[in-house]
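There are two complexes below, and they share chain A, which is joined by chain B in the first and by chain C in the second.
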Partner chain A sequence: MAKGAKRPFGAVPGRMAAWIGRHVSFFIFAVLAVLATLCVRNFAARDNLVIILKQSAIPAVACIGMTMVLMTGGIDLSLGYIVGLASIIAGILAKTLLLPVPEVVLAVLLVGALIGLANGLITQYLRVPAFIATLGSGYVIYGLAQIVSQGSIVNRLPKGFLAIGRTDVLGLPSAVFIAAGVALGFHILISRAIFGRQLRAFGFSPKAAALSGVPTARINVLVYAISGTLAALAGLLFTIRVNAAQPNMGGGVFTFEVVTAAIVGGTSLFGGIGSVAGSILGVLSIKIIENCINLLGVSYHLYLAVQGAIILVAIIVGNLTHHRA
Partner chain B sequence: MVIAHLARRAALFALPLVLFLVMGSLIPHFLDVSNLLNVVRQSSIIGICAVGMTYVIIIKGIDLSLAGLLAFCPMISGMLMLAGVGTVPAIAAGLAAGIGMGLFNGLMVATLAVPAFITTLVVGQIASGLALIVNGGRSIGAFPAGFVFIGNGTLLGIPLSDLILICFLALGFFIQRKTALGNHINALGGHESVLRQEGISASRLQFFVFGFSGFCAAVSGLLLSAQMDTVHPTQGDAYQLDAIAACIIGGVDLAGGRGSIPMAVMGALIIGGLRNALDLLGVHPFIQNIFIGSVIILIVFLGGVVRRRNELATRGTL
Partner chain C sequence: MNETLIAMRGITKFIYGSDGKPIRNTDVKILNGVDFDLAAGEVHVLVGENGAGKSTLMKILGGIIPPDAGELHIGGQKVDLLNARDAREKGIAFIHQELNLCPNLDVAHNMFLGREPRRHWVKDAATMYERSSALLQALSCDLDPRTLVARLSTAQQQIVEIAKAMSFASRVVIMDEPTASLTKREIDVLFDLIRRMRADGMGIVYISHRFEEFLEVGDRLSVLRDGRSVGGMRMSDFDPDTVIHMMAGHAIDEMYPRTHAVQDDRVLEVQGLRLTPRTPPIDLTVNRGEVVGLGGLVGSGRTELAKSIFGVRAFAGGQVRYLGRDTTGWSPGRLIAAGMAYLSEDRKTEGLVLGMNIRENTSLASLSSVATLGLISRRKEQTQAAGLIAQLSIVAQSAEQAVATLSGGNQQKCVLGKWLSTEPRLLILDEPTRGIDVGAKAQIHKLIDQIAGTGVAVLMISSELPELIGMSDRVYIMRAGAVVADLAAGPELTQEQVVAYSCLGER
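Showing the complex of A and B:
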């Protein structure tokens, strides 16, 4: 919207386009929800909607971190691999070493935060472009996860550990409420707190932000640390949902799903624009698509290609409304 | 500056030499001609990709669609061959698929200014998805003898794969050094304003560069399948990082404007040799990946340090 603001107001179609552009995530979500309800049998059934919420909780947590990284103009390609490392570490700590649950959670989140911190320090102080730094660190993390696991999967985890994400609250697993809580917290942080303003200023123009006294280095490192922590939380919830800790969990496919959700949620690839609410709608949108592909009994592999197609549509629509006119 | 440049050149040639000698002394039979030819044969997959990738990095982009294209293009050709289409038209179809997807990358970058790493990531994902869909996630194999010969045959005792790599090296080198197109590509990465003053269209260059990278990926994917007589829908995943690493080890500058095709191919040989040696030593590929991932970050960091120092130095003398 940096360039959009300069554009003369008055032309109604232009204003319409801008308005739709600002709420593109909502429109995509609404159109998909209506289409799915009309065209796919059993989509609107209560049980199915609960399934969609359950499946959305995990990518939603990770997507919030990715949104913040994308808002700085960077990207975190190591996110999916952090999920796998977090998963296997959680499994080993909870089952093999029988650590108490709070310690397991803390340790896993700490690992995620440290990896994210390393990503942030590499991009900020070693001045390695984000996509290379996180691509490289992603392979390192993936290798570490494989070494830690010794190639095996830890399943049938302790009940106390599973209870974090599986306790039934009002007919929904607690994982959904954890995701909602994280989303609410970061929504306030990004849209109401000074940090959010600084983040957007930094994303629009790092130079202008630095001249205005925004602590750009701190913000740039912090977003990767947050992304790493939330990826680890997503890994934890994922492990609990499938009741198995495995190093292959997440990976490049998960990273791509999260990037897709963020961009469908209206996050600009050029930095500066993004919102938690939009990203959550983005996650719900792609999970609706995945759900319909399942209900229709089409090959699951189609989901990968469709995600690619929808991200392209979102980029083109976002581009037309944000940067042209 | 000149001395530093020459020293860098010399180091880049000496490094693999020393590396190969060390590995040769550690590992029996590593320096046998047959194993070295095998190293080149394995490196040809990365090397051909690195030729296309070098151009992309020179114009400040990156091509993350390799992983998808390395599987999708041969999958197209393979399905056609098994359906009874002739080898040549089937190969042409696979190449066309690669060029088409590459051109699409170029379209997104040139007309919508989408960052290269995003559009190529997306296109790569679509290609991966399609490679899985077209045959329900299964591998295919048992191709006509002519196709398998491309990957495993020899000409005058030299594997055809090595000759194809040399052809791409020559082609890439020729375009970069001897044609106006190559000059313009270098300018697009280093001195874009000059290009604009000359009235040369940047978008046409971007189309060419991404289309060429798609073409290289398709050739490389087909060659890989010909070597193994199999197309596996996720066969590309292992090679993308190696191709990027080859360029970076070969001194191709991620900040754009600078990069040499022969050095990138040299980078591919270093990676190929290293992987071969580590395999012979029994080091697990996961540990190899940790090593290669770290090396990439380290070299990009060091390259940035050198560049900033040079910039400071030139500013100081002006």
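Showing the complex of A and C:
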């Protein structure tokens, strides 16, 4: 108050900086979109934009779960491996065992949920740091997926199963609408519901939250279960898109992409800060980068390097601001 | 008199605002022109109530913080200590209440941490073990310097700290409540050690609240109160009443509101609760409309008792009865729903979510009351926050202001607001006015009285004696995990009585 009174003009840029800070993911997205439109040929073509949407749908679903885990101050490194296990299970159930489609979907989501639940219970009650717990469980899952698949790929999946994500709606595959629906649901949950508020409070300050009656243990376990379920859904949609169930799908590369997207979306690695809208914009942003790298004919590995750089910069910036606060 | 080792003159330390700058234009100072001397071959006992400035004074002597004014002389020479290391090199060793040893290293490595003897750039382990062994033997301690510190008892760790201090050729040793976690036998060993150090011509500053202990080992006593030296005496002239009087201070010059009336309904009844298996059972009651004070020194178990009642700390026995029901084992969430509230002493990490704004903080414990079908109504929440800002006179631009940018007093009002939103029937307040300015303090006192006036039962922990006596209808005093007194409050209750029970456990 006193500072504002002394420098009436000083407050305005500060407030604007804060506003930009809060909507940083939108600015990143907007700048990237404008730059790509101006500098990369064919970027703004309708077909190319549809490709970006199609490619964003699957990581977007996974990124919502990761965002919630990051908001608690944890991380889910098993996410990409759950995608692979979900894929091979879906393939076996749908093609080899010829199970009805709803049962396949439920079974795959349930596997994801149970793995996530285990991650949550290990971090919450056995006090294993999330980083270690999910790295370990991720490799367990990866190994299991290889064993289950016996090293082979299940392709040419049943039409009824493929229809979940491939049905054409208004020129877009249904997978995009599934992702949009999931995003809308979780947006409301995180930004409007009691659960979301308690999740944020827990992420910022677990002690204060617990003393205010927030069921911190339940929330901490639940976010991993949600992350696992959404990873399984992502695996399902991925399998449908490529029409092949394979245990190597997802993996560490996918986990890394999802974490990068969440960070570009404004999620803090220190907990408390994150939003579905931000994470969706984060996914779109990094998919624009990937798309441009493709269109320009540059090595795909540049995309990986860019992701690594983004995470490093985010951690460094986070550290600087965190310690100053 | 022996050679003077330490002379501190006019040591002053300001209180610091939330912006990190000292507040000079106030009479309230952490230390206000304190003088302190220490001679060779003496044990100088430093006593004072919570917040009297003992720790700050010793931190200045230990080079941990610099004074804002005043001079420090070591061995007759004026010096400015740069940091703790500098102090140690000038012969001052600080043995903290929480011992600072690395549990994963052995005794010798701890004693020579960061200054291991070297030969040709390589650590000379043989010399290190030899020297640490010699130092331990000089203290008549047969500890093997190769023992891992993790395996040592607290008392043994303390001896290692002392041996470490000797290895610096320290002439001054500061001990901050060294007996806090020791058994009677270990205390005897420690006292033997202190006597031996004294005989060797060292000077020892001994901070303690336990009269019976410092009487045994001390030579001289100084009392601090509210950041000032209020006197001292040789231990041979010791008189508990005089010391208690000096610690407690005089008249209560503030006015405390008292409009509430105690009712007959019992709200809280603690029956035979043991904080640990070794502490005695605690009984305590709070009625509707009653303000019950909980006094005692920091570390006497007051906060632990409050947290045990509020379901965040496991206790060793007994039960908590709240509104006629046994609530032992209930979670805070369930207790909050039943109308219990706990305002923590640690506002910044336990009271507030600093990353959130006023609206989000004040609704955090009562979200279901501003939500429909699990979805928070922004409008209801804003109305609630606006109401609290008006009711508690919170000075803020709007309910959307981040709580981290508020002053201490306004932050505390936000925490209070959070609990008022839950419509509590029992409000437990842990140091409700710590670290807030005088104006906000008076407002909070008035609010507590008003809250009690609406029939809420209030249990208030306070280290501020005037507040404890002035606000409460009854006062319990805790000492070493036990309730040692249940006193009717009011003007007839004196600060001396509270201090006597806190320090001696009796009157």
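Remarks
Operating definition for what follows: the second predicted complex is superposed on the first by the 298 of 325 C-alpha atoms of A that agree within 3 Å, B and C clash if a C-alpha of one lies under 4 Å from a C-alpha of the other, contacts with A are read in each partner's own complex, and residues count from 1 in each chain.
Convention: contacts are C-beta pairs under 8 Å (C-beta built on N, C-alpha and C of every residue); 3 or more make two chains touch, one makes a residue touch a chain.
This structure is a prediction, so every number in the text was calculated from the model and none was measured.
Shared-chain residue A:139: touches chain B; no touch with chain C.
Within the superposed three-chain model, A:301 lies in touch with chain B and out of touch with chain C [touch as defined at top].
Of the two partners chain B and chain C, more chain A residues are in touch with B.
Legend: residue contacts after superposition of the two complexes on their common chain; A:212 is shown touching chain C, with no touch to chain B. After overlaying the two complexes on the shared chain, residue contacts for A:42 are found with neither chain B nor chain C.
In the superposed pair of complexes, A:126 makes contact with chain B only, with no contact to chain C. Contacts of A:204 after superposition on the shared chain: chain C is touched, whereas chain B is not. Residue contacts after overlaying the shared chain place A:150 against neither chain B nor chain C. When the two complexes are laid over each other on chain A, chain A has no residue in contact with both chain B and chain C.
Those residues of chain A whose C-beta lies close enough to touch chain C in the complex are 1, 188, 192-195, 197-198, 200-201, 204-205, 207-215, 272-273, 325.
Listing the residues of chain A that touch chain B in their complex gives 75, 122, 126-129, 131-133, 135-140, 142-144, 146-147, 252, 256, 259, 263, 269-270, 299, 301-309, 311-312, 315-316, 319, 323. Residues 62, 64, 108, 112-115, 117-119, 121-123, 125-126, 128-130, 132-133, 136-137, 237, 241, 244, 254, 284, 286-287, 289-290, 292-294, 296-297, 300-301, 304, 308 of chain B are the ones touching chain A in the complex. Those residues of chain C that touch chain A in the complex are listed here as 310, 312, 331-333, 335-337, 342, 344, 349-356, 360, 363-365, 367-368, 371, 374-376, 395, 397, 404, 418.
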